[in-house]
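Below are structures written as structure tokens.
Common to both upcoming complexes is chain A, partnered first by chain B, then by chain C.
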Partner chain A sequence: MIVEWVIRALGIIAVLSALVAITRRNPIYSAVFLGLNFLCLGGIFTFYVSPFVGAVQIIVYAGAILVLFVLAIMILNLRDEDLGPSRRTVVKFFAVIAAIGVVWLIITITAGFVPPGREAGTISAAQVGRALLEAHVVAFEVISVLLITAVVGAVVLAKKRMEV
Partner chain B sequence: MFGELIILSAVLFAVGAVGFLTRRNAFVVLMSLELMLNAANVVFVAASKQWGGPEGLASVLIVIAIAAAEAAVALAALLALFRVVGTEKIDEWRALRG
Partner chain C sequence: MDQLTKLFYSLGLSPYYGIFVAAFLLAVIILAFALLYEGVATYVERKVAGDIQSRIGPNRVGPYGTLQWLADGVKLFLKEDFIPAQADKLIFRIAPYFVFVGSFLPFAALPLWDRFVPVPMNIGLLYIIAVTAMVTPGIVLAGWGSNNKWALLGGMRSAAQLISYEVPNAVALLIPVLIAGTLNLDEIVRAQGGGGGILRWFIFHDPFSFMAFFIFFTAGLAECNRTPFDLPEAESELVAGYSVEYSAIRYAFFYMGEYGDMFIISAMASAAFLGGWQLPLIDPLVKIGWLKAVLQLGIFLTKTLLLVLVMMWIRWTFPRLRVDQLMELSWKRLLPIALFLLMGAALWTVVFHGKGIYDLIVG
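For the complex of A and B:
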């Protein structure tokens, strides 16, 4: 019971921090609020079904990816974005309309949909590992190939001398 | 609880999509992309609990790995582009030859 309210509170904080993150001028502030969003989602995963996945979420997203973002922003040493008079009000207007439409669509489609199956308790890391390494071992191996490719690609991109 | 998490995911995805479409700073665009990936994770977690199986959580781990790979490559490409063009505003990236 109290866990459900904790999850709801974390969800509200997550939505608010996402909204703040996409409206800041300085990308560093965006990164900070994005980190808050990741932490809230990690908390939701932890309390809802699996502490293991919540921990991975916080370590990889709030740890690795966010540090990468902050590092890149600080390397470039950007000034505050001079948003100025935006020429893109029309784009913003239609983007917001489309977003509201997407939310409305998902809510109406899933309203009254009662999924089958039983609600599980927590799912242990051992079960997740077994699912990854037995039933979905091909996906697991493909992911490892993808990661090594991405690392090599990032190094090549960073070292390459480009001229216009 | 399942329905509420679906709605949370829809809202997070919509916020990410708005950021992706409207911002000009390339970093914020990439962050919006991460927001949308995370919204998908919320659905996976909710479904995993509802159906009582670990497959959803395995998918979450795969999505997290893909997001990490994407962030590394995208930020490296962004830094390389910044060195050539000298700006991070995506409006001013007009010529992508090179």
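For the complex of A and C:
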């Protein structure tokens, strides 16, 4: 099936771009490849889970969050000399060991997992809406209260810093 | 898209390749249309500017200067493609593609005539919002990659502006979605037909949707970086903002992106609020299928291009806002109004069971 191959290609690009994103020294490159990663995930969601979730992924992550990242990087405007010396070899050594451990963990956890059929997994926007506002309405409201608290907290913290 | 795939299938091409060939062909057709429109739009824009400022406008190439846009296009293609030595080469190169792709992809999801969308999808409206969101990173990266004070400032302003105006824009667009009960653009347009003529258009559905149209159009102007919201490129303070270091075909990408965005915002406004390809008397009078489709396509394009013309008219009439005024307009005016309208429209839908003013009066 051709769509399966498209999904596989998107998955490979997503993993590669994620790897590139965490290995670049210049944060703006990390942001660009993170954006590529978001787009690929959006594609996978569109084909695998639901076009609605895919579109939301692209709006929220590629549209808003990526721009915020890039904006923050631009305001700091780090040059190479600001980034400090490269990490020491010992740190790198342990990082590689930790990475291997994480990959091994992921493989063991997902070993017996068979992905559900593509058709079975297509969820419409109406279904998402019903799930959010009927079955999971309490969790939905709690999350929104939590987010509002976070926003208020951020404003309070920012204000304090300004007065000092 | 489906029809094309079937056509290739009937010609003996396997469906696997058929999809690719159909997608490629469709992309070429849409790109040709978009480029043609963008070319002619630059000519019309200059003529409109000339008329409003009591000048003649372009009048040298071809009769009444009608071939000016071709000459401009050839010039942009042939000019030297210059990359500043201090610029970040990779970022500088890829940024225009983000902008162009973001303004070109939505063309695939426009409802052109009855039950015809080039690439049919259930979430057409959301898809258009999603892919146009890719323009913002492009502009920001262009500003950063140029390594130039003005470009950087232009890029930052643009990021702030686009993120701010995306919110009232999307909230206002939720109101037709609420009335029609679907994200499918074709179904949204079809819901605006039937008896009652233009009174069935969603702009006349209820007072809230009437105001939502203007909120959407205003926020849309800002999304396109058009005057009075063209602060990212403000010539008098930022030279040309994020595009200051760009020349030749890379500059043309930004320019075409702006005109593409104008078309998309106008097309969305005409499809979601002004009835898309609906016009009274077409349905009962025209019985031949293909003629109807052609007429409907003409109606949709006419409505869209008229709105584009309004955008040009606004550009040459109003002065630009100040940065703080721009932010205030979005967060303190447009967004609260849009949220209020959304709540009002939701209440209206519940109280009157989704009926518009026309339905309530006539019965």
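By our rule, the second predicted complex is superposed on the first by the 143 of 164 C-alpha atoms of A that agree within 3 Å, B and C clash if a C-alpha of one lies under 4 Å from a C-alpha of the other, contacts with A are read in each partner's own complex, and residues count from 1 in each chain.
Throughout what follows, a residue touches a chain if its C-beta (ideal position, glycine included) is under 8 Å from a C-beta of that chain, and two chains touch if they have at least 3 such contacts.
Computed from a predicted model, the values in this text were never measured in an experiment.
Q: Residues of chain A touched: more by chain B or chain C?
A: Counting contacted residues of chain A, the larger count belongs to B.
Q: Just checking: does A:I2 make contact with chain B only, chain C only, both, or neither of them? Give me first, second, both or neither.
A: second
Q: A:V91 in the overlay: touching chain B, chain C, both, or neither? Say first, second, both or neither.
A: A:V91 sits against chain B, while chain C stays out of touch.
Q: Which partner chains sit in contact with A:G35 here, chain B, chain C, both or neither? Use first/second/both/neither.
A: In the superposition, A:G35 contacts chain C only.
Q: After the superposition on A, what does A:V56 contact: first (chain B), second (chain C), both or neither?
A: both
Q: For A:V67, using the defined touch cut-off, is the partner it touches chain B, chain C, both, or neither? Pick first, second, both or neither.
A: Second partner only.
Q: Mind sorting out which residues of chain A both chain B and chain C touch, each in its own complex?
A: Of chain A, residues 52, 56, 64, 68, 73, 75 contact chain B in one complex and chain C in the other.
Q: If we count contacts the way the header does, which residues on chain B are in touch with chain A in the complex?
A: So the residues of chain B in touch with chain A come to 1-8, 10-19, 21-25, 27-28, 30-32, 34-35, 38, 41-42, 45-55, 57-58, 60-62, 64-73, 75-80, 82-85, 88-89, 95, 98.
Q: Please output the residues of chain A touching chain C within their complex, sorted ascending.
A: Going by the criterion above, the answer is residues 2, 28-29, 32, 35, 39, 42, 51-52, 54-56, 58-59, 62-64, 66-68, 70-71, 73-75, 77, 124-125.
Q: Could you please specify the touching residues of chain A with respect to chain B in the complex?
A: Against chain B, chain A makes touches at 4, 7-8, 11, 14-15, 18-19, 21-22, 24, 27, 30-31, 34, 37-38, 41, 44-45, 48-50, 52-53, 56-57, 60-61, 64-65, 68-69, 72-73, 75-76, 78, 81, 88, 91-92, 95-96, 98-100, 102-103, 106-107, 110-111, 113, 115-120, 123, 127-128, 130-132, 135-136, 139-140, 143, 146-147, 149-151, 153-155, 157-158, 160, 162-164.
Q: Where on chain C does chain A make contact in their complex?
A: By the definition above, chain C touches chain A via 16, 19, 88, 90-91, 94, 121-123, 126-127, 129-131, 133-134, 136-137, 140-141, 143-144, 152, 155-156, 159-160, 162-163, 166, 183.
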